Amino acid sequence: MSHVKVELKKEDVAKIKEICKTFHNNPGELINVLHKAQSFFGYLPAEVQEIVAVELNIPVAKVYGVVTFYSFFTMLPKGQHPISICTGTACYVRGAEKVLDEFKRILNVSVGETTPDGKFSLGCLRCVGACGLAPVVMVGEKVYGRVSPDGVKDILKEYE
Amino acid sequence: MHMLVCGGTGCRASASDAIVETLNSELAAKGMENEVQVIMTGCFGFCEKGPIVKILPDNTFYTQVTPADSAEIVAEHIVKGRKVNRLLYTDPENKEHISDSKHMGFYKKQLRIALRNCGVINPENVEEYIARDGYQAIGKVFEMGAQATIEQMKKSGLRGRGGGGFPTGLKWEIASKNHADQKYVVCNADEGDPGAFMDRSILEGDPHSVIEAMTINGFCIGATKGLVYIRAEYPLAIKRLQIAIDQAREYGLLGKDILGSGFDFDIELRYGAGAFVCGEETALIHSMEGERGEPTVKPPFPAESGYLGKPTNVNNVETFANIPVIILKGAEWFSAIGSEKSKGTKVFALAGKINNVGLIEVPMGTTLREVIYEIGGGIKNGKKFKAVQTGGPSGGCLTEKHLDTPIDYDNLLAVGSMMGSGGMIVMDEDDCMVSVAKFYLEFTVEESCGKCSPCRIGNKRLHELLERITKGEGTMEDLDRLRNLSHVIKDSSLCGLGQTSPNPVLSTLDNFYDEYVAHVTERKCPAGQCKSLMQYVIDQEACVGCTACARNCPVNAIAGDRKKPHVIDTSICIKCGACIEKCKFNAISIQ
Amino acid sequence: METVKLTIDNRQVEVPSGTTIYKAAKLLGIDIPVLCYMDLGDMNIENKPGGCRICVVEVEGRRNLAPSCSTNCAEGMVVKTHTMRVINARRTIMELILSDHPKDCLTCAKSGNCELQDMAVKLGVRNIPGQEYAEMSTYKTDFSPSIIREMDKCIMCRRCETMCNTVQTVGALSAVNRGFTAVVAPAFEQDLEKSPCTYCGQCVAVCPTGALTEVDSTPKVIRALADPTKTVIVQTAPAIRAALGEEFGMAPGTLVTGKMVAALRQIGFDHVFDTDFAADLTIMEEGTELLDRLTRHLNGDKKVKLPILTSCCPGWVNFFEHNFNDMLDVPSSAKSPQQMFGAIAKTYFADKMSVKREDLVVVSVMPCLAKKYEAQRDEFKVNGNPDVDFSISTRELAHLIKEFNINFADLADEDFDRPLGESTGAAVIFGATGGVIEAAVRTAYEVHTGKKLPKMDFNELRGMEGIRSATIDFDGLPISIGIAHGLGNARKLLEDVRSGKANYHAIEVMACPGGCIGGGGQPLHHGDSSILKARAAAIYREDAEKPIRKSHENPYIQKLYEEFLGKPMSEKAHHLLHTHYFDKGNKDVFI
Amino acid sequence: MAKVKSLADLKKMKEQLQSKVDLREKGEDPESRVQIKVAMATCGIASGAKTVMDYFLEELDKRSIDAVITQTGCMGYCYAEPTIEVKLPGQEPVVIGYVDVKKADEIIEKYIKNGELVDGIIPMNYNTIDNQ
C-alpha cells in the first residue's frame, strides 16, 4: 500500500489517544479504533497507526496488517469529493464498467487515486444496495442512480 | 371507477400506451370520461400475461389485453357491468376463470415472514414493533424454557439464511451444550455479496426483530452478550439498529432482568471494514477480535471455541428475523411452508436485467420461473432471458433449463449453484457468460484473504485464463485447465470463499460451453461484449463520407476522402465507440 | 486417555483423541507431505495455519479434502492419502505455488536446502502450466545488516510470523495486504532496519524457501584471506562445534571442535582462536559487576539496580533496547564475548603481533545472525574500523569449508592457537541456555566466598524449560537466579521484574530457544527439539571433559589481566570491554 | 418511560398500542386522518425519499390536511423508488412509486383531496403472515 508522510500536530496525537481511551486501549477493539481514527483524519497515515499501536500495546506491524486487510481503510487521503462507483453485480450487468471507464478517462486517474488538484478521488465499492437504480455512483454522500457514460460529465460539472 | 393499465416495461412493449388511448377514447365516446379514470400503473409483475388491465373497485383483472379489446371492456364491463370472461385470468390448475386478483395464484407467490414489518412499521419506534406482537416471543420463550425452545427451532426446520443452510436449531443445541463461564451470540450483518441487500433492508426496516431473536438465542444457549458485526458501509442500518438497541434498553427489553425473567442480555455493535471473507464465521470472529479477518480451520467450530475462545453462536440477520414469528406461530406453522428439506421463505434481492428490481420473499420451493416472470415481471426491454445468477460470487449461472427448478438449498446445490445470501441477478442475451465468470473471479481475487494457496493463487490463475479467453487468446487446453483448476480449488481451499469461488466458472462452463468454445475457436463473443473480439466496420453502402467519424476518432484509425466511403484500420482502432455515436447514417457496426 | 480408532490407507491405527491425521499417519510410517506445517515440539507451539494445503487427504464422507496437519482424527474415520483425487489436488496446488515463485533455484541461497524444492521433487512436478503468462507477486528485496528478505519467494507458510510474534514476541513481522499480494512484512512494508527486528534470525531458521536468508559475508572473508597485507584471524563461538557436523551429515550432538579448527586452518586463517576465551573474559567482567552490585545492594546502596541481566546475546540487547527502554541501566554493561574478543584482538593481540589495527581482520563464526548487526554497531568501531570485521554463521562456515574443497569428515583434530584460543569448561557452556549464568556462578561463588566450589555442575540451572529459576547458596547467602530463553519468555520474565512480581539477583536471557545452540545461524533444525537437546548434551560433555572448568582459572585470562588490563572493571577494562545501550523504543512518535 | 416488567405488561401495552393503531388505521371516524408512509431505506433515500417526506410534511400542513406521515423500511419495490404508501380513512392502502415533489403534489391534490387515483400505482404483490 502506498502512503504519504505527515507530521501530526499535538492535538492530533491527543485525539488519537483519546479515541484509544474510549475503547479502554483494548487491542480487541483495534478495528473500531481505526474506524474512529479514519473518520476523524479521513485516512490512516503511518504516523496515526504508530500511535494506535503504542496506545493499544500491539506491534505496529500488526496494525498495518489489519489496515491493509480491510478495503475500507486507506492510507491515502481522499479527494475533496470522493467518487465511488458501485461495481456490485447488478450495477455490473447494467454497465458500471463503462461508467467507471468514463470517470477514469475524464479525470485521468485510476481507481484508488486522487486527481493532482486533490479535488476528486476515484474508488469502487461493492453494492450500495440501491440495485433498482443500477448503475449507481456516489459522490461524497450523494447517490446518483441510472448513470450512463454520457452522464458522467454532468455529474462532475456539479462539483466545478 | 378506475381502470388501471399496467405501465411496466413489458406491458408497455406490448402496447399498453395504446390501450390507455383507446380506453380513453371509448370512454369519451360513451360520455363516461368524467366517471371513469384511466390510470397507468407500475408493473403488476405478471408480464407473461401482459398487458394487464385492472378495474377498481371490483378488482377485476384482465390479462393479455390488446387495444382492440378496449371497446368491449368499456361497453361490457363499464356500461353494462358484465365481465369480459375471455380476458379473465385462467387458473392453470383447474382451468377456471378468476376475476379477483386476490384469488390469483401469482399474487400469493410472495410471503413476507422475515420482511413482515419492513415497509409497515416505523423502524425508529419500538412501540410500533410492540403493537405488532413485538417482544412477545421472548416472553413466550421465558415461559417455555431454553430446551423446549431449541426443540421448537429444530422442529421448525429453519436453516441458516447466510448461505450454508446449516440447521439453526442444531447449531443452537451444540452451543447450548458447551459449558463456559461466558458465551456469545453474534449476528452476522456483514453482507458482502455484491448484489444482495436483504440484511441491510431488514436492519433498516425492522431492527427490533433481530434484537429480539438474538435475546432468544442468548437465553437458549446461556449467553448474556450479543454482538452485531455490521458493515461500516451501512450507515443507516447502523443508526437504526443503535436507536432500536437504545429503545429496547429504555423499555427494559434489553439489559438486566428482561421481562422479570431474571435473564440479562445486552447487545454491542462491531463494525466490519470491507472484507467479503468476514462473512465466514471464523473470519468474522477474528475480525471482531481486532485481527485480520482470516478464517481458521474448523473444527473447532465457534460453538466450541469462538469469540475470545468462548462458545459462540453465529447466525445472520435474515435467520434471526424469522425467529420471533416461529416462536409465536409455532414450529408446525413454519414447517408447513416451503419444500421438503428447506422450510419457510427466503428473501432475494432480485436485480439485473429484470423489470421489477426489488426485494422479494418467497416460500422455499418457488420456481425460478415464477420469481423471474411473475414476481420480477420478466426481462427488461423485452429481451431474451439468458441466465440467472444466484448465490453471488459463490453461486452459479443457471439457464433456461433450470427455470422450473424449485428454489431450495439442495436443489440449487445440485444444479451447480447455491442459495448464498440471496442475491439473484438476471441476465439477458446481451450478457457474455465468460465475462460474467470473469467479473466474479475478479471479485474473488480481490476478496481472497490470501491465507491458503489454492484460493490465493488459484483464483488469480482462473482469472488470468478467463482474461485470455475474453481477449481471444485462449486455447481448448485452457478450457480443460479452467475445469481442473476449478475442481481443485473447490476441493482443497480452507474456507467457504475458496470452496465456492470457482462456481461461476464451472456453472458457465457447464451451461454455456459453446460460448466459451466460440471465444476460443472462432475468436468471437456471441453476446458482443468482449471488446477485444469486436471489430468496428463501416458499411461501404451506407457511408456517405461525411467525415464525422474520422474527425472524432481519437487515434486516427479512420481514413477516407470526403464524400467517399470511409474505412477503419482495425489494427489501430481502440474500439472506443466514438465513431458509432457520431455517425448519423447508422453506417458503422460492430462485428 | 481417550483414544480413537481410524483407518489410514487401509491400515488401522489407534491414537489419543486430539491427534491430527498427519501425526496418526506418521505412526503408521506414512509421510504425508507438509509445507507450511511446523511443530516446535517442546515449545508447545505448532504452526498449522492450514494454509499451503499440500497435506490434504481424502476423508470418507467429507465433501472436500481435509488438511491432515490440522484435522483431528475421529472414531471410525477412513482416510486415504494417495488417491487420484488427492494426488491431482496436491500436484495442482504445488504447480500453483510454483507459478508464483521465482525459478532461479540454481543461484538461490537455499538451493539444496529448500523445503519447497524438495517438495517439487517429491510431488514430481515437471512443468508449470501457463507460467509464461502467469503474473507473479513481486516485492522489493530488503537488505538489512543480518537478514535478506526476498519476499518474491514467500509462500505464505507464516512460520516466520509465528516465530516473530508467538515465540519471540518481537512483532516485527505481520501478514499484510490481502489475496494475491498478501505477504509477511514489517509495518508499512518498510525495511527490517526500520522495524523492531532484533535480528535473532529465528524467522530465517524456519523459512522453508529462500525468502528469508542471512547476509552472506563469505565473499568478503575470502577476499580478506587472499589479501597478503592482512592478518586474518578467526574466533568461533561455543555453539558452533556442537552443530557444524550436521552440515556434513553427522548426527546431531557430534562434537567437531578439532575438525573445525583444522578446517579453519586449511581455509587459511592466520590464527584460529576461540570465542570461548572471550567468554571467560566476559565472566570475569560480568561476574565482578554482579558481585559489585550485589555487595553494594547488601550494604544498602539504594542507587544500585538489581537484578543484573546478562548482555552477551545481541538479539536480546536489541530486544530490550526496543521494548524495555525504561530499564537500560539494568543489564550488565559487559560487552558480548564476540565484541570482547574483537576489542582485545585489535589492541592486546595486535600489539603483541605488531600488526596495525587496519591490517588485522577479525572474523567471527557465530550461531547467530544478530552478531552480524552487532559487529556493525558504531560503538564497536575505532575510527570507523570495527573490532570484528565480519561475522559469518555456522551455515556460512559450512559453505566455506565445502567451497575450499575440504573433506571435513576425514580431518584430523587440531587445537586452537594461543593465547586467544585457550578456554575453560565454563566458557563452553555459554552455548546452551543457562550456561552463562552457571559459568558466572562458578566464578562469583569462589570470588565472593573465597572457598572452592563443592560441586561444578549446577543441574538446577540447566534444561529446556522456557523460564527457569533457582536459588544458589553462596555459603549462606541465597542468590536467586532467573533464566529465560526465547524472547517471548524473556518478555514475560522481564515484565514480572518490572512490575515487581518477581525478584532476582541475576537473570540470564538468550534470544533463541535453547540458547545459542538453537541460534538463527545454526544448521536448520526444522523445529525438531531432539536436535537441540543433542547439541546441548554435547556442550555439557565438552565442559565435563575440560581440565579447567572455571573462567577465573584460565591462565591466559590471568595473564591478560596481568599484562594488559590490570583487574576486572579497571579503567582499561571498562574502556575496552564495557558498553552502553540505546533507547530504540518508539518514543519518537510521542510529540 | 416505565420499563416493561413482565410478559403481562407487554401484552397490555400491545393491546393499548394496537387499539391506538387500529383507531388510526381502520378510521371509523370519517374525519380521521390520512396516513402516509415513506419507504426510507438506503435505496429510497438514495432516490430522494427524504425530499419527498419533507415535502409532504410541509405541504400537508400548509394545505391544512390532517395527516400522519411516518417513515418505514424498504417495501421491496426498489425499481420504483421512492415509494410511498397512502391510506385514506376507511380505504385500502395504495402504494405509489416514482414519487418526486411534482408527483407528491399531484397525490395531495388528486388522491388525498378527491380520492382520484393517480398514475404510478404499484400493485401490492405479496401475502403477509397476518392474512395467511
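Per-chain residue numbering starts at 1, and chain names A, B, C and D are given in the order in which the chains are listed.
In the analysis below, contacts are C-beta pairs under 8 Å (C-beta built on N, C-alpha and C of every residue); 3 or more make two chains touch, one makes a residue touch a chain.
Keep in mind that this is a model prediction, so the values were computed, not measured.
Set side by side, the interfaces A-D and B-D show unequal numbers of C-beta pairs in contact, with more at B-D.
For the pair chain A and chain D, the distance between C-alpha centroids works out to 36 Å. For this pair, chain B with chain D, the centres built from the Cα atoms lie 26 Å apart.
Chain geometry summary: the mean Cα position of chain A and that of chain B are 26 Å apart. Averaged Cα coordinates give chain C a centre that lies 73 Å from the centre of chain D.
Residues of chain C in contact with two or more other chains: 175, 177-178. Residue positions 65, 69, 71, 128-129, 131-132 of chain A each touch two or more of the other chains. Along chain D, residues 41-43, 45, 77-80 each make contact with two or more other chains. The full set of touching chain pairs reads A-B, A-C, A-D, B-C, B-D. On the chain D side of its complex with chain A, the touching residues are 41-43, 45-47, 77-81.
Listed in rising order, the residues of chain B touching chain A in the complex are 192-197, 200-201, 232-234, 270-276, 287-294, 308, 349, 351-353, 357-358, 389, 392, 423, 425, 427, 431, 436, 439-440, 443, 446, 449.
For chain C in complex with chain B, the residues that touch the partner chain are 48-53, 56, 64-65, 67, 70-72, 85, 88-89, 92-93, 96-97, 99-100, 129-130, 133-135, 155-156, 175, 177-182. Those residues of chain D that touch chain B in the shared complex are 1, 3-7, 9-11, 13-14, 17-18, 20-21, 37, 39-43, 45, 70-80, 85, 97-98, 116-123, 125-129, 132.
Interface residues of chain A, counted against chain D in their complex, comprise 128-133, 136, 143, 145.
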